[in-house]
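For reference, chains read A, B, C and D in written order, and residue numbers begin at 1 within each chain.
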Amino acid sequence: MTARGVTAGAVAHRLRGSNNEGILAIVLVLLVVGMSIANPAFFTLPTAFSILRSSIVPLILALGVLLVIISGGIDVSFAAIAVFAAYTTVMVFEGDTFGLGLVGAVVSALIIGALLGLVNGFLIARFRLPTLIVTLGTQGIFNGVLLAYVGSRYIANLPDPMAAISTTNLIEVTTAGGHAYLHVLVIPAAILALALSLVLRRTMFGRSIYAIGGDIDAARRAGIRVTRIQLVVYVVVGMMAAVAGMIYMIMGRSANPHELVGGELDIIAAVVLGGASIFGGRGSVLGTVLGVLLIQVINNSLTLAGVPSAWQRTAVGVLLVIGVGVQALAARGTWRARGRLGINTAREVTA
Amino acid sequence: MKTTRPEQSPLDRLNTTVDAGWGRLINRVSPQGGARRMLGLLIMAFALFSVLNPAVFLSATNLQNIALAAPEIGVIALAMMLAMLTGGIDLSLVSIANLSAITMSTLYTTMAAADPGQAERLAPVILLAGLAVGLLGGLINGLLVSVVGITPILATLGTMQVYNGVAVVWTGGTTLSGSPSALTNLGISTVGGIPALFVVFVVVAVALGVLVSRTPLGLRIQLQGANPTAARYSGIASRRILLSTYVLTGLLGGIAGSLFIARNPIASADYGASYVLLVIVIAVLGGTDPKGGFASVLGVVLATLTLQIVASGFTAMRLSAYEYGIAQGLILVVVMAYDEVRRRWARPVSRRPARRASS
Amino acid sequence: GCGTVNDGAAGDPSATGRTSASGTTMVTVVKVKGIAWFDRMDEGVKAYGQEKGIDTRTEGGDDISPEKQIQIIQNLIAQQPAAITVVPNSPEALSSVLAQAKAKGIITVAHEATGIKNADVDIEAFDNAVYGQKIMKSLGECMGGQGDYVQFVGGLTAKTHMEWVGAAHEYQQANFSGMKRVEDPIESTDNETTAYQKAKEVLAKYPNIKGFQGSSGNDVPGIARAVEEAGKEKDVCVMGTSIPSAASKYLATGSIDKIFFWDPALAGKAQLEIARILSTGGKIEPGTDLGIEGYHSLKKLDGYDNVFLGDAAIEADAEAAKKYDF
Amino acid sequence: MPPATPSSPPPPVLAVRDIVKTYGGVTALRGVSLDVLPGEVLCLAGENGSGKSTLIKIISGVERPDSGEIVIDGAGYRSMDPTGAINRGIQVIYQDFSLFPNLSVAENIVLTSAVADRRRFYSDRAARAGAQAIVDDLGLDVDLDTDVERLSVADKQLTAICRALVNDARVLIMDEPTAALTHTEVDRLFAVVERLRSSGVALIFVSHKLDEVLRISQRVTVLRSGEHVITSASQDLDPRAIAQHMTGRELDESRQVTELEPDAGVVLEVERLGLRGAYRDVSFSLRRGEILGVAGLLGSGRTEIAESLFGALPHDTGTVKVDGKPVRLRSIRDAIGAGIGYVPEDRLTEGLFLDKSISDNIIAGSPDQHANRGRMLDRRAVRKTIGGLFTRLRVKAPDAHAPVRSLSGGNAQRVVLAKWLARRPRVLILNGPTVGVDVGSKAEILGILRSEAADGRGILIISDDAPELVACCHRVLVVRHGRIVEVLQGDEVTVDAIREKVAA
């Protein structure tokens, strides 16, 4: 606990961000520059808006995953919850016999999402089971119940209130490169990101989540109501997944119960890429946003960059490995530097 | 001061004797932790479907089919168990298996085009090449995890896509067919009614069981997973251990690949995608601690068989794949919850229940 | 001692000769359960069963994977149905499990599986090459024979999709020299959102793109959404395989110009009818009439000994598509 | 040490009655009762595993007693829960700290009280201010913004102390708060304790350092095997008496060093060793059979020297010879290969595999030595090693398959020791070998070290515990600011000399 060494190292540490956000931002910028050089068509407003648009759903899902990961868990059932909540809602509102409109639909999806999240939370908090196992199990259950008992058909036309937003844009610009549309649903995504960031940093609830992720037994000893907070976390994640599911179907202008599920690992990858620790207790909204953007930029620009279709899977994998590899090496470097300064914990990494 | 106690009825007495005898029997064969629990479940599942639809479920064909389908999943699940033993995970296993199957198939068809007899004679070489590809895939994972220091879930998620992408490019997306007849024959032959592939699976499992619980390397792998820092301070070369582990999982992936083409003489980039999450379920059901340090080979083998039995039982009952998905999820959750409740019941107040060391 | 997995019931008398109509079971294994296409096939399968008094049903995995189909068929063999008909995810992957089925005396019929081994008959709704050419003919006409276009496939591993786009590309090179395919086939992973995103990238990369050809049922709706958002529904021709229900709203706005398909219900019936004929000792030959629309006079595909073609392709524009309710 | 007022004793703030607690088959507490009065320090003494921590966990609501009662301000409870305890003014410094490794020091300090206050919002600035106040109060030099996981054990302990003090506790329980602290910090802590006591706070203090116990407390309660042995006023006790109550036998803490053989060779020779930012010009030699102590303040670089010799923190300059041969020490494996073993200071994270069996822990450092020619673990050899070490180190455990987590501190430490002895190293370095180990065990461990040295090993002991160094070291090196400033030998090795040179 000395003030020694609070010099260049500290400045670098600040810039790097507590979860490597700085490095991630640099990787992102380099990638954008690289893509733009490879194909000038990349560096245009339409592309930017398009990437933002395609980031909406992954971002909301990732924010939910972030919450779980910070609390020391991992969730692979959120995509199943998203589809379950949104598809069921669409089924119910197909005729919109109740005339409840969009608000009613969203509320219904939120309730379903919350209930499914509650199932996860109950199993995890009550039985203290490993989260991976619980969510792996509930993923199968939710998906199976949806397809076996709710419905498995592709619904081509959404209920009117939902269909109406499908084509609503926030900003429409016509540039030399063509039309650029920013979808109106970036607003809820942005609001959720901001709100979550505030909750995580400024409320005791948020800090308790970090504490639980840091050491769950210490959290219990500190009087934090671990069971309740875990329950709330999974309910909130369920609700966020429901929102993402609704947005996914609205933007896709159809309801397909076979979609979304299967992409869980990519979302988790984005969150971990964003600096969240798989072991819990670390992670930030900013990092997650950057992680999601990075993956979307990669996914959305390979054709533009001239990568042949057959090679795209490989390219995504290679870029992912490079992205996390750079981060891992950078983290290693600073550990080593710190080890040199003699600050005590560098031990486990200086082999 | 004697409280009157009702005389024990003969039935009760019988029950107690039977219980005691059963308990002794259980203790005699007593597998531990995951293995014990899976054994119970396996017997239950088997009994259930035997009663519900004996004609189909108990038919020789059906039992053979279970034994035929289990090996490829089981070997990958064992590999997953090994990765999880170090506290990691290997999502690239299926991609590695496919890549190795593709290698073998390509080598075989190329050679067979020139000289079919020669290609058959060189079957062992082809098999070795396939295993080498698995090894190489594992080596890359191992380097990423141990030297570069990437979290296993991300490293292998990345390489999963890379290996899969390479397979797509290599095959142009088509399904290759062709496999040395030595392998194909193995795929359809039986030993005493038991499919040869199942025998291969059992051999692999036994070898792995010995490795994990009876060798210095196995002990080091367990310790590395249990506490990496303490492992380092005990002189365990963490990097080398992680590297060996992932090389080994890669090799098992290669073996799974050869099981793929032994069972069906084809190789493609997209075979077995559904196994990725399934094998995690199996590993965990079998008693693997996802946090590392604890696993049971026997448990994983039994878990593989149990899920196969449930799957075939469900088809025999004409239940849909969705309902099987639900059952699979329920089994996982219920078994784990039951386990936890029982453990807490046995030690009602211990906050950090001491875990059994088993392997 | 040693043996093979096919030993068990090879000589089992009960395995064969279950030709009496009552008590006969035939199972259709589809690529995946619960999507509209195979729901429609299920309708056909059920209807056929009722007509003929046969116990028919469809089975399928909960996602598109070859290994699940293998598993299902393997489990079915134990149930000894008279016939298994299958729409394979990967024809090659099924060859050995179908061999097992045959060894137990089960009739095997495939659909959408040209080149499949160990199926007694493979019935195709049409000649894949002809179908691809048909799409390209319409697309070329729509584009006026000029301009850049791209092709989408559900997966680079999807054999039929690759055959369609391959034939279409060759047809274009031979007949529309003013047109140019500017990318290798693009993979949509059979996912509408992916198709949409890839289409947007294409639109950005090639502002002058004039045509899209889709292969999986999800391709054209996804592409159409991108085209519509770019306000190019008048400038770009979008055509390909899809089903009327999924395409209807885009057909209405003109962002999809024409869709191509065949009726899965009829295809399901055709498979079962072939299985029934074979199981009663009949033969499938060029010219066989299955009594099902589009399958009145089967053709044999050159180069294969078990592939028969129907003439069941349907093409539909906005107006024509309204007639179909699937 | 002001005596507690004998006239009318105030009613106890906290009392426990007949607490019984079992873990599986182990009975940790068998009917323990005690009172704590406001304005007194009550010390809990007892051997490792005598149930001190368990009693504390029951009071703080972390564990639930099987039977018995907890009485706070006259109201009786069957059990507590953490929030309830905190709300009733009970604060605990746990033996394992129970800090949040991922949060900053400041947040760790204030979080518990914020939870107890049922705050809804959290402000970094307010947290920092609150933490700063308490840190200033204690006169500590602490970087509040560092994450706790980057702290040394001592700093973690200081953080845990700060956290307990930030609340206005009415009962403050400290489970071995000084285990990792050096003299100066202990003095500061005791000043705070004294101040709290005089303002009416009741304190329960657990320590194995008996001189500390007597210095700070008014009353001492001794537990033995989960049973209450005696509660007595401190002035009626001396260390020897307490130890006797604890162990039921006489203990000897006097200096016992055997004369080294005149021709005993040098087993470890360190020349001009240096590591930038940590230490430099470190030269010394260690002879076969010698026990060499290293004393120094927190941050003096002792740990770094030891870790460099173990290859965990490779040195920049200088050379090291083992048995006269120069060795390369770039990694831990190098060091182990050269015959150097190291018992780290943080045994919970660095020394032990808590959920693994005792037997796995013991052979963790030497699996290859226990392999037969077929590269298989030789179970007979393993059993033999473990059996031998169990008796030699007198490990108290039901059997070798029990997880180490179920052991008490002293026994756990013996397991770490056993791990190294199983390898038969040439040089054994021990960092705080008796931290958190009771006097009985401590004497035994020192005895073990003496006999290991007599076997021809060279032993290097780093310790804050001057009496311990005096009891067994032939020579003591004093480290200050990363350099060896003094070598005490023979008659110079006294508690006073060490304390004086270390602090100079």
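Rule of thumb we're sticking to: a contact is a pair of C-beta atoms (placed from the backbone, for glycine too) under 8 Å apart; a residue touches a chain by one contact, two chains touch by 3 or more.
Remember, predicted model here, so these are calculated numbers, not experimental data.
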{"item": "Intersection of contact partners for chain C and chain D", "value": "A, B"}
{"item": "Farthest chain relative to chain C (centres taken as mean CA coordinates)", "value": "D"}
{"item": "A-C compared against A-D, more contacting pairs", "value": "A-D"}
{"item": "Rounded Å distance, chain B centre to chain C centre (Cα mean)", "value": "35"}
{"item": "Whole-Å gap between the CA centroids of chain B and chain D", "value": "43"}
{"item": "Interface hub residues of chain C, defined as touching at least two other chains", "value": "33-34, 62-63, 156"}
{"item": "Overlap residues in chain A, where contacts from two or more other chains coincide", "value": "143-144, 147, 152, 217, 220, 310, 312, 347, 351"}
{"item": "For chain B, residues contacting two or more additional chains", "value": "168, 172-173, 229, 232, 320, 322, 324-325, 351-352"}
{"item": "Chain pairs that touch, as defined at the top of this document", "value": "A-B, A-C, A-D, B-C, B-D"}
{"item": "Complex contact set, residues of chain A against chain C", "value": "39, 41-42, 44, 46-47, 50, 54, 143-144, 147, 152-154, 156-157, 167, 177-179, 181, 248, 252-254, 256-259, 262, 299-301, 303-304, 308-310, 312"}
{"item": "Complex interface listing, chain D residues touching chain B", "value": "23-24, 62-64, 66, 312, 331-333, 335-336, 342, 344, 349-357, 360, 363-365, 367-368, 370-371, 375-377, 401-403, 405-406, 419"}
{"item": "Chain C residues touching chain B - in the complex, by the definition given at the top", "value": "1-9, 33-34, 57, 59-63, 65-68, 70-72, 74-79, 90-97, 104, 155-159, 162"}
{"item": "Complex interface listing, chain A residues touching chain D", "value": "1-3, 6, 201-208, 210-211, 213-215, 217-225, 277, 280-282, 338-347, 350-351"}
{"item": "In the complex with chain C, residue positions of chain B that touch it", "value": "56-57, 59-62, 64-65, 68-69, 168, 171-177, 184, 187-193, 195, 263-266, 268-275, 311-312, 315-316, 318, 320-322, 324-325"}
